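You will see two complexes here that share chain A, one where it goes with chain B and one where it goes with chain C.
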Partner chain A sequence: MGRYFSTLRIFWIASLTAELEYQANFLIELVATAGNLVGSIFVLSLFYGRGQSLGGWSWEGALVVLGVYTLLEGVTSTLLQPNLSTIVAHVRTGSLDFVLLKPIDSQFWLSARTFSPWGLPGIALGAGLIGYAAWKAGASPAPLTLLAAALMLVASLLILYSLWFVLAASSIWFVKIWNATEVLRSVLVAGRFPVSAFPAGLRAFFTFVVPVAFLTTVPAEAILGRASGPWLLAGGIVAAGSLAVSRWFWQFALRFYTSASS
Partner chain B sequence: MRRPLAQRLAHARRIAAVLLSSQYAYMLEYRAEIVLWALSGVLPFIMLGLWSAVDAGGGLGMSSLQLARYFLAAFVVRQFTIVWVMYTFEEDNLSGRLSPYLLQPLPLVWRYVAAHLSEQATRLPFVVMLVGLFFLLYPAAFWWPSFSSLLLTVLATLSAFALRFLMQFTLTMVCFWSEKASALERLLYLPYLYLSGLVAPLALYPEAVRNVAFWTPFPYMIDVPARILAGEPVPIGPSFAAMAAWAALLLPINLLLWRRGLRHYSAMGA
Partner chain C sequence: MDFAPKPVRMAIVRAQGLGKTYRVADKQPGLAGTLRHFVNRRERTIAAVRDVSFSIEPGEFVGFLGANGAGKTTTLKMLTGLIHPTSGTVEVAGCLPHRRQAAFLGQITLVMGQKQQLIWDLPPLDSLRVNAAVYGIPPAESRRRIDELAEMLELGDELRRPVRKLSLGQRMKAELLAALLHRPSVLFLDEPTLGLDVNAQARVRSFLADYNRRFGATVLLTSHYMADITALCPRVLLIHEGRLFYDGGLETLTQRLAPCREVRLELQAPLGAEAFASYGDVEAIEGREVRLLIPRERLTEQVGRLLADLAVVDLSVSDPPIEDIIGRLFHQGALA
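Right after this comes the complex of A and B.
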């Protein structure tokens, strides 16, 4: 285990040094993330400005959901996107051979090799918005609430990771799969809003087919101290299940990997 | 010595036909990718879900049928106004493909225009299928626009595409000076996303925001063509005039930057 942590440290310091060559990007990313957040809040205000609410959520509650979404987007551009987008290239050029030969778990290597600091503004803004909105909503920082919130955030990150990884790993069969992650990204936009704001059919879709509900709504409930036992349990089970599926899927996919041009 | 007009026109038509058919054949090779790109435009449907759930209480000033038609129309218009010239140009520039293209006796922009139009033609059958699926799930929303409004929609969508292309191509000229210019497109995409009418019909915006929005080029890229298609009342003349005015403003800037950029261009790695 310690070996993995020290490897991770070396990986991330190396990629950070490389990325800092392009410092102007940081400013652009900051402006883009902040602008996107302002736009999302504006869209929310379109609903709440007419005295309506989204699925029975208060304005502050909806802001917590948006904060969780912004945080996840930040993690996506910091870790998921830069790492998993390379699987396609590895498969196409055959350099996946070298990855598989390394004396380290291949799924770990592919998922954590690089670290892009450009998602950090999103993580910071998301965390800030969560804190502010939860405080405004009067959520109490009781130890039990904090524990449930932390658990559900971890669960949501694991689910998000598994969704991305399974799609990216499908490139073992379909080299053109990369666009599928764009489809995933565009569907996950629904996570900006509490899932109860959708009509019944879409709500079922976003809970059981693409578990958007567990990505943002359930963590937001936990942060606001409203988490109920069954939902917490369900969140944990979905997270553990999807992680196991991603693990199994990778082993399964590797059986079909025959290196490039073979 | 210049050739007579008729001859030049025939020549241009032949070039256009060759460009379009070769690009179309190329795009057909990537039809699976293009289907996925088309699917990633589901945002209007997500927003429709939200708005129609809110509308259950009434008082939006738009019936749920109007909302459904608007967002379906917005989806269709978006499919035929997607522009990605920035990314292709950046890649061509970085990989050095730009130099042979520039040597050809054909203004480079037409190659990209032909690529975009061919990609839209590749999308067309898939978009028709999705629209059919939408009506299958929601038969009450079915409507058939009159011939004149269909014609106007095509015109407005083409103008919207031309305007968006011109706008992005103008920004693309930054590629001549910078390696990571496509990051700027992320910034341009923000006002487009929130002011074009993809997330909500502009009629639902607060009046002050709406008035400001219509002074920008963005509502003409989705909201106006979509409302024409959905059969909502639209001031046709002023809308087309606004699009023409924005194009007239951007075109000289674009040409100027193109000339400056070409003079600055020295092929990647030089």
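Right after this comes the complex of A and C.
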């Protein structure tokens, strides 16, 4: 275990060294994320303009959902996106060979190898919005609420990660999978709104097929202190299941890896 | 007198009936072919490696020969566990490679002349730090090994420069360092001298010989450059169309494949080809210089006659370059 931590530290120091050559990026990313967030808040405010509500959620509650979404986007830019593109490049050029030859879990290497600081503004803004909106909504920071919130956020991150990783792993067969990631990204955009705001059919789709509900709505419920036991349990099960599927799928995909010719 | 029993030598690499078949898309060129392929996907099976068996003992330096597409790289990938064999068994360092256990991976390394593991934008030292962490080498030990290998490879300041700024030869040496930091006992080298100039090739070659001697490492080497094989490998495996065609000493292979030796003559005055008919096969005549092929068993006799009969200024005997011999035999299908 210790070896994994020291490896992770060195991975991220190396990526930071490489990325920090471009300081201007940080400012650009901060402005872009903030602009995006302001746009999303504006769209959301349109729904609440004339005293209406969205799927039974208060304005502050909906802001918490948006905060969780922004946080997930930040994590995507920090870890998921850069590592996913590296996996595809590894498969295309055959340098996946070197990863497979290292005495360390290849899924760990591929998922954690790069770290891009440019998503950090998104994570900070998301966390800030969650804190502000939860306070406005009058959520009590009771230990049990905080614990449930933390657990559901972790579960949501694990589900998102597993979805991305399975897609990335499928590049072993399809090599170019950018289209698929675009589809996933646009489906995930639905996570900006509480899942109850969607019509029944879509709601089922976002709960059972692509678990968008577990990505933002369930964590937001937990943050607001209204998550029920069964939903928390379901969140945990879906997260553990997704992670297990991603691990199984990777081992399965590797059996088909032929390694680009040399 | 030494009465100590000879240590029992166990094979460190063992392949038994190894085979690998690929399914590839059978697709006609052009748009029509692409469409037909899209609607009606047809696949065909290609046997890249068929029934290959051999074993290598610890410390051996073995050359792996064969034309492009003969199955060398596929075999190496099965030996390193990158791909699953379709049939047969492989055992390397007492492990089954395709399980890729840490105990196995810590003992082997694969160097590929066409692929690189060093991080392009960073100096090699950063990649080395990553490798040291992954293999669990403590910092002090890793620094000691880097110094030792850098000295053997004649690398210095290059380790602190971004990889993209290095020459091909420097990069290859840094790749070797990265591949050997965990001190593997089995080295699989796939064209490690590819594209290097003659000097850089020679340096890599002497490093490999040195490493093999110093650490008793087992090496399986493929190379396009025959000089690598003749300088390093007492034993060679020759693979052709996926089958193991020869396994034994390089000397014997040369004798078997090249029953003739090449005799170069420099004459006082030019002569026609018919003048040499009774001595051997004429390879080339360029003015006063003549190249003849003479069967090994008649060499001494014929050279004696040549010297006695003709006005010879200079005479030398050599083996024809082995890549020519192999190339010619493969070309003629004599090995099929």
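Throughout what follows, the second predicted complex is superposed on the first by the 260 of 262 C-alpha atoms of A that agree within 3 Å, B and C clash if a C-alpha of one lies under 4 Å from a C-alpha of the other, contacts with A are read in each partner's own complex, and residues count from 1 in each chain.
We take it that a residue touches a chain if its C-beta (ideal position, glycine included) is under 8 Å from a C-beta of that chain, and two chains touch if they have at least 3 such contacts.
Because the structure is predicted, anything quoted here is derived from the model rather than measured.
In the superposed pair of complexes, A:11 makes contact with chain C only, with no contact to chain B.
In the superposed model, A:41 makes contact with neither chain B nor chain C.
If you count the residues of chain A touched by chain B and by chain C, you find the higher number for B.
After overlaying the two complexes on the shared chain, residue contacts for A:3 are found with chain C alone; chain B is out of touch. In the superposed pair of complexes, A:234 makes contact with neither chain B nor chain C. When the shared chain is aligned, no partner comes close enough to touch A:124: not chain B, not chain C.
Judged by the touch definition given at the top, the superposed model places A:98 against chain C, while chain B stays out of reach. Of all the residues in chain B, the ones that touch chain A in their complex are 30, 32-33, 36-37, 39-43, 46, 49-50, 52-54, 57, 59-60, 180, 183-184, 186-187, 190, 193-194, 199-200, 204-206, 209.
Chain C contributes residues 22, 73, 77, 80-84, 100, 102-103, 105-106, 108-110, 112-117, 119, 121-122, 126, 129-131, 133-136, 190-191 to its touches with chain A in the complex. Within the complex formed with chain B, the residues of chain A that make contact are 22, 24-25, 28-29, 31-32, 35-36, 39, 42-43, 46-47, 49-50, 52, 54-55, 176, 179-180, 182-183, 185-187, 189-190, 193, 197-199, 202. Interface residues of chain A, counted against chain C in their complex, comprise 3, 6-7, 9-11, 14, 17-18, 93-95, 97-98, 100-104, 109, 255, 257-259, 261-262.
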